[in-house]
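Quick heads-up: structures coming right below.
Here come two complexes built around chain A, the first alongside chain B, the second alongside chain C.
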Partner chain A sequence: MNMPVATRRWNWAPLFFVGPFLLIFGVFILWPMVSSLLLAFQQTFGPETTRWVGFKNFAYLVNDPRFWKAVSNTSIFTLGSLLIQLPVALGLALLLNRPKMVGRSWFRLIFFSPVLVGLPFVAILFSPIFEKRIGLLNVSLNMLTGGAWDPEFAWLQVYVMPALILAALWMYAGFNMIYFLAALQNVPKELTEAAEMDGCNAWQRFWHVTLPEIRPIAGFVTLLSIIGSFQIFELSLLLLNGTSGPSDRGLTIVMYLYQTGFIAGDLGYASAVGWVLAIFLMGIALIHRRLSRGQEED
Partner chain B sequence: MRAPFASLLRILSPGAAVVIALALVSSVVVWRMKVEPRDGMLFWVFAPTHFETYQRSVPAWNREHPESKLTMAQLSGPALEQRLVSGFFSGTPLADVFEVERVMAAKAFTGPLEDVGFLDVTDRLHEEGLFDQINAPSFSPWMSRGRIFGIPHDVHPVMLAYRADLVEAAGIDVSSIETWEDYFRLLRPLQEDLNGDGRPDRWLLNAGDTNVEVMQMLLYQAGGTYFDEQDRPILNDSRNAAILARLVTWFTGPNRVSTDLGISSALTNQQILNGTVIGCFLADWTAGSWRMELPGLAGKVKLMPLPAWEQGGRRTSVWGGTMMAINRRSPRTDEAWEFAKELYLSPENAAALFRKTMIITPVKSLWNLPVFDEPDAYYSGQRVGRMLIDLAPDVPPRPSSPYATMAQQLMGNTLIELRAYADQHELYTEEALMPEARRLLEIAQGRLAREIGRNSFLTAKEAP
Partner chain C sequence: MKIRRLTQFVVYGVLLVYAAITLIPFAYLLCGALKTKFDFAATLFLPDGDGLFGIGWDRLSGANFKRLFLELGIGRAVWNSIFIASVHAVGATLLCAMAGYGLAKLRFWGRSAVFSLVLSALIIPAPLLLAPGYQLLYQLGLLDTYIGLILPGLAPAFGIFLFRQAMLTGVPSELVEAARLDGAGEIRIFFELALPLVRPMTGAFLLISFLSAWNNFVGPQIILQSPELHPLSVALNNLRGVYGTDYGLIMAGTLVSIAPVMALFLLLQKEFISGLTSGAVKG
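Showing the complex of A and B:
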């Protein structure tokens, strides 16, 4: 029996569809990544004047107090975001997930709306709020405490990180609330009803039923918050008028990268900072992945 | 070869084919498009008030020099800075001539001397006798490793603006004030609790440990500095330690006399208007800004030379600075040089600049222009121009080191830490704070030296 001989034809269609992605990925992601990796081993005075310095940028970074100040500030901000922002977001979601609550759609919109206006707006809004003596926050706290609160409390001069955490809370609590709301709406009602019939109180139902059910989403939101918090830049820059604040109290890792690369012109050292941050964030993502996989297996 | 195209056309809808064809054609057009060479010179300015002042001069220059016409454009400060950095570092197009602020210029001095993007005008200044015509301290920010890279635009002497209405209503005569000690002692009754909450609501000075600009003005006035004559860092100088220790006694403790309102924001201005502070530091250019931004203070405020740190000491300081620089790569450097001279040496421009901005020219031969002797109604009829010119020769030098901003930041951080130490240990005298000031400045010195040492482009001989 004669089998038909398959004519060997080059099929261009897959390449055509993948081509634009490959081109854009190559030009805007792969090539800059390779370039920045090479830059991290050079000292530069702009891209034209460069000198190969091996691992000196990384060695300097290890003992650079400004880098560690940036790491410390960013870590404080991240911790603040995790320990304050996420519980607030979850609390709001639990509150707005109650079916009998009047006007809950409006409240959802109100709490979500700050994220629509963008970080520059938040910075401009909060700058006068944090002002000494005449700022809304100090004046209100002074009134509420019957004059005990010092109106000269220097939010943007001394307590920079708490100020940033507060501003970010206003902006992102509603955003994270949406994730938690979606997760809560997927918790099977039968489970909570069964727990209720078994005599569990509200806290027990939350702890033993709701929380385990929303754990995958909570883990995802936590990962997003950590990555987002470690990349904080615009809020700090705009609230502090383009500076890192007195005594570098508002210096974050990305701001340090920006100052080094684009203000001082040392692209090599800035690349080294960028790579350290990238490797750290990759590590966080891997740990999260490992933990998530462990939970799934459980 | 027909097969792939045929299969491609089979896959694509007509619309997609049109979009791709348009994209390809437009890409080729853009790629092949020729940029017409600019006609004449381009001049970048960042300050709106300078731009307005020069509006008269540019048409006059173009009429008189049709062969080297000039176009003036105003860019925001950050935009100009970014374009300069891009131009110097990667060769993107730049103007032929530009006005540059002090901090922007210092960045150009980080690399090798031959890579500085500004034209070296040292020899031109000396050969044409301009160097001796210009106020000597005005050159300092534009010099690197002994070479000068621009013509100074200004002097920027600093004075103290005080609320004459409040001071005179209290029957206080400020004419006897010579030192800061005199100022604080004489005006102390004005530091009051106005709302009865037990805290002062009015302070004697707009200054604080978190305000690095004010710290720097006071440091320069008192003879402190970041670098020695060879531009080596000397943050740990004992004079600097004494200055910081004294400043902390102004900013905290039982003898506190100041509060920090910040500089030049709407909230700062509102508090100045409210009378939260009696005295503010004012350079010539900020004196001009006040006239525009704080009209409510007209006739209520006066200027006086800064009180000295000790009897017979310096009565002024310096704040900011701008130069006219020429792009080293411009094909028209000689014409740009002629334009820069015409703009900065013209008596008409010097007078117009003072009227508009209160900035006094650094050209000494123009200091006898009548405009500088005119009384100013805003400053209660004082002859502000003459007062500023009298202080001009005594303006302290400013460093041009690319590490000056970092030095300022480190010195500012030291002041903040010293203030925190004072509060923690309740130590509020200069003597008690000196050992800690010295220790903190040693740390700051180490950090600065380490950062400068990392710059592999500068040999030990060249190090800024």
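Showing the complex of A and C:
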């Protein structure tokens, strides 16, 4: 064979470098994806026996009140997270981005630290914080309001979603702030200075100069928050001691997937739940792409 | 001038209040870990007493930690967590760096197809793979093993994305070509040229991977049945099932679980934050 030496020597390299990743990716991500699509059309009792049921799982899902309870809970959580967490994160970033801030890196470190705790441990740490009577939150609120706040306020029994929103706020606001801060530091100083010279006040400068500049990152962070919030599971599961809470008040979509798949043992129905969520999130990602393309054309 | 000073005052005030809100749960955790069950219910932070500042310093003790390690064997779970997270971090970083290098610097048939395939997996929500992944591990006989827990996580799609990006921007193709002309093999080029040039990404990705494995609960909860294999996340939650109301003990366990990660982060925080944001800012 008259192959050039160079080609012969390089031939194995792509397989060597990309092969191991692709093998694991194919076996443990791609293949389960395909089989979950198949599973979604089967009724399963334990991992061994399967029965084809066509669209029955999806048809059942549409009329399943627990599924809709999970969807409504998860939507409330996502909405609350977006509306509270992102403005807080952006606000903190704006404050830290002011010129000549003393202690900027200290504040940044402190605000970032909760995300290091990790979801399961945040849930475990917050379970006493949300306790009735002795819990940190109720006692503090009671003191701050001069006794007006009911120390028996039932965070984990009745107001589960607000509790989850608060815990997620504590955990993720500083993390999202890092992204906003990085984006703000890339905004050319000349732009805001020019606007200031033209007599724009702080609000006008933010709305007309800074915000358009950081829109790509803001959009990206919003997308990640939506996708992450819709997959909320461990926080709720562990705060509620492995249950979905009284009257399913803490039931989320992924928790429902987990319960049907691993507690009731119907992996097929669980896969149907998973695909409905996946298709919904892909739709959100497509909308985001459309919107961010539109921005570039502006 | 006066307004400027007032604004500055308000800005620092807001930042300090939010910093306090962020730190208070940590203080709560730390105090709680040193208190008995009784004192935990009686006081928020430090117990009352007749010591310095009216605080019962003598009521604080390391008894919870002693119980955790000597009676309840939490040390085993600490080592399990360290082992799982380290193997996961090193393995995932190596595989992603190699694949990222391959996709950025080697020319081969199907390269862009491979990249788009992997990218499309970025929007697949992980929970979707729970059920079929469990079934697959069952069929492979890998349930209740560390291989079954670690192997599926070694090919995260965002890892290949980050490393391909880092290799494209951080490793000049001329350098690679020059090394090839000098007769260096691809493996040597990767380890001695490319990998050192993307060091910040490697450091950040090692940390991110370590963190994600350390904080994984659902994976080990589903895959590992034997208690002696459990990492801290699962072990601590099981402990809660038995000693649910003994918050002092649970807080001590939480502290044991998060302290190693916190220490690691403090040591490497510069690399971590710069690596974390580099992908986002360029995008």
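Note that in this section the second predicted complex is superposed on the first by the 279 of 298 C-alpha atoms of A that agree within 3 Å, B and C clash if a C-alpha of one lies under 4 Å from a C-alpha of the other, contacts with A are read in each partner's own complex, and residues count from 1 in each chain.
By definition in this document, a residue touches a chain if its C-beta (ideal position, glycine included) is under 8 Å from a C-beta of that chain, and two chains touch if they have at least 3 such contacts.
Note that the structure is predicted; figures quoted are calculated from it, not measured.
Peer 1: Which holds for A:95: it touches chain B only (first), chain C only (second), both, or neither?
Peer 2: second
Peer 1: Could you tell me if A:120 is touching chain B, chain C, both of them or neither one (first, second, both, neither)?
Peer 2: It touches chain C, and chain B stays clear.
Peer 1: Give one of first, second, both or neither to describe whether A:53 is in contact with chain B, with chain C, with both, or with none.
Peer 2: Touch partner of A:53: chain B, not chain C.
Peer 1: With both complexes overlaid on chain A, does A:258 touch chain B (first), chain C (second), both or neither?
Peer 2: Second partner only.
Peer 1: Could you tell me if A:166 is touching chain B, chain C, both of them or neither one (first, second, both, neither)?
Peer 2: Neither chain B nor chain C is touched by A:166.
Peer 1: Go through the superposed model and pick first if A:16 touches only chain B, second if only chain C, both, or neither.
Peer 2: A:16 contacts both chain B and chain C.
Peer 1: Is A:39 in contact with chain B, with chain C, with both, or with neither (first, second, both, neither)?
Peer 2: The second partner, chain C, only.
Peer 1: A:134 contacts which: chain B (first), chain C (second), both, neither?
Peer 2: Both partners, chain B and chain C.
Peer 1: Mind telling me which of the two, chain B or chain C, contacts the most residues of chain A?
Peer 2: Looking at chain A, the partner in contact with more of its residues is C.
Peer 1: Across the two complexes, find the residues of chain A that touch chain B and also touch chain C.
Peer 2: 10, 13, 16, 47, 128, 134, 242, 262
Peer 1: Note which residues of chain A are touching chain C in the complex, please.
Peer 2: Residue positions touching the partner: 10, 13-14, 16-18, 20-22, 24-25, 27-33, 35-36, 39, 47, 88, 92, 95-96, 98, 107-114, 116-121, 124-129, 134, 136, 139-140, 170, 174, 178-179, 182-183, 186, 216-217, 220, 227, 230-231, 233-234, 238, 241-242, 254, 257-258, 261-262, 267, 270-271, 274-275, 277-278, 281-282, 285.
Peer 1: For chain C, which residues count as touching chain A in their complex?
Peer 2: So the residues of chain C in touch with chain A come to 11, 14-15, 18-19, 21-26, 28-29, 32, 40-41, 44, 95-96, 98-99, 101-103, 106, 108, 111, 114, 117-118, 121, 123-136, 138-139, 151-152, 154-155, 157, 160, 186-187, 190, 211, 214-215, 217-218, 222, 233, 236-237, 240-241, 244, 247, 250-251, 253-254, 257-258, 261-262, 265, 269, 273, 276-277, 280-281, 283.
Peer 1: Using the touch rule from the top, collect the residues of chain B that touch chain A in their complex.
Peer 2: 3-4, 7-8, 11, 78, 82, 85, 88-91, 107, 110-112, 115, 197, 199, 208-210, 212, 259-260, 267, 270-271, 276, 409, 412-413, 416-417, 447, 454-457
Peer 1: What residues of chain A sit close enough to touch chain B in their complex?
Peer 2: For this pair, the touching residues of chain A are 9-13, 16, 43, 45-49, 51, 53, 56, 60, 65, 128, 131-134, 147, 150-152, 154, 157-158, 242, 246-248, 262-265.
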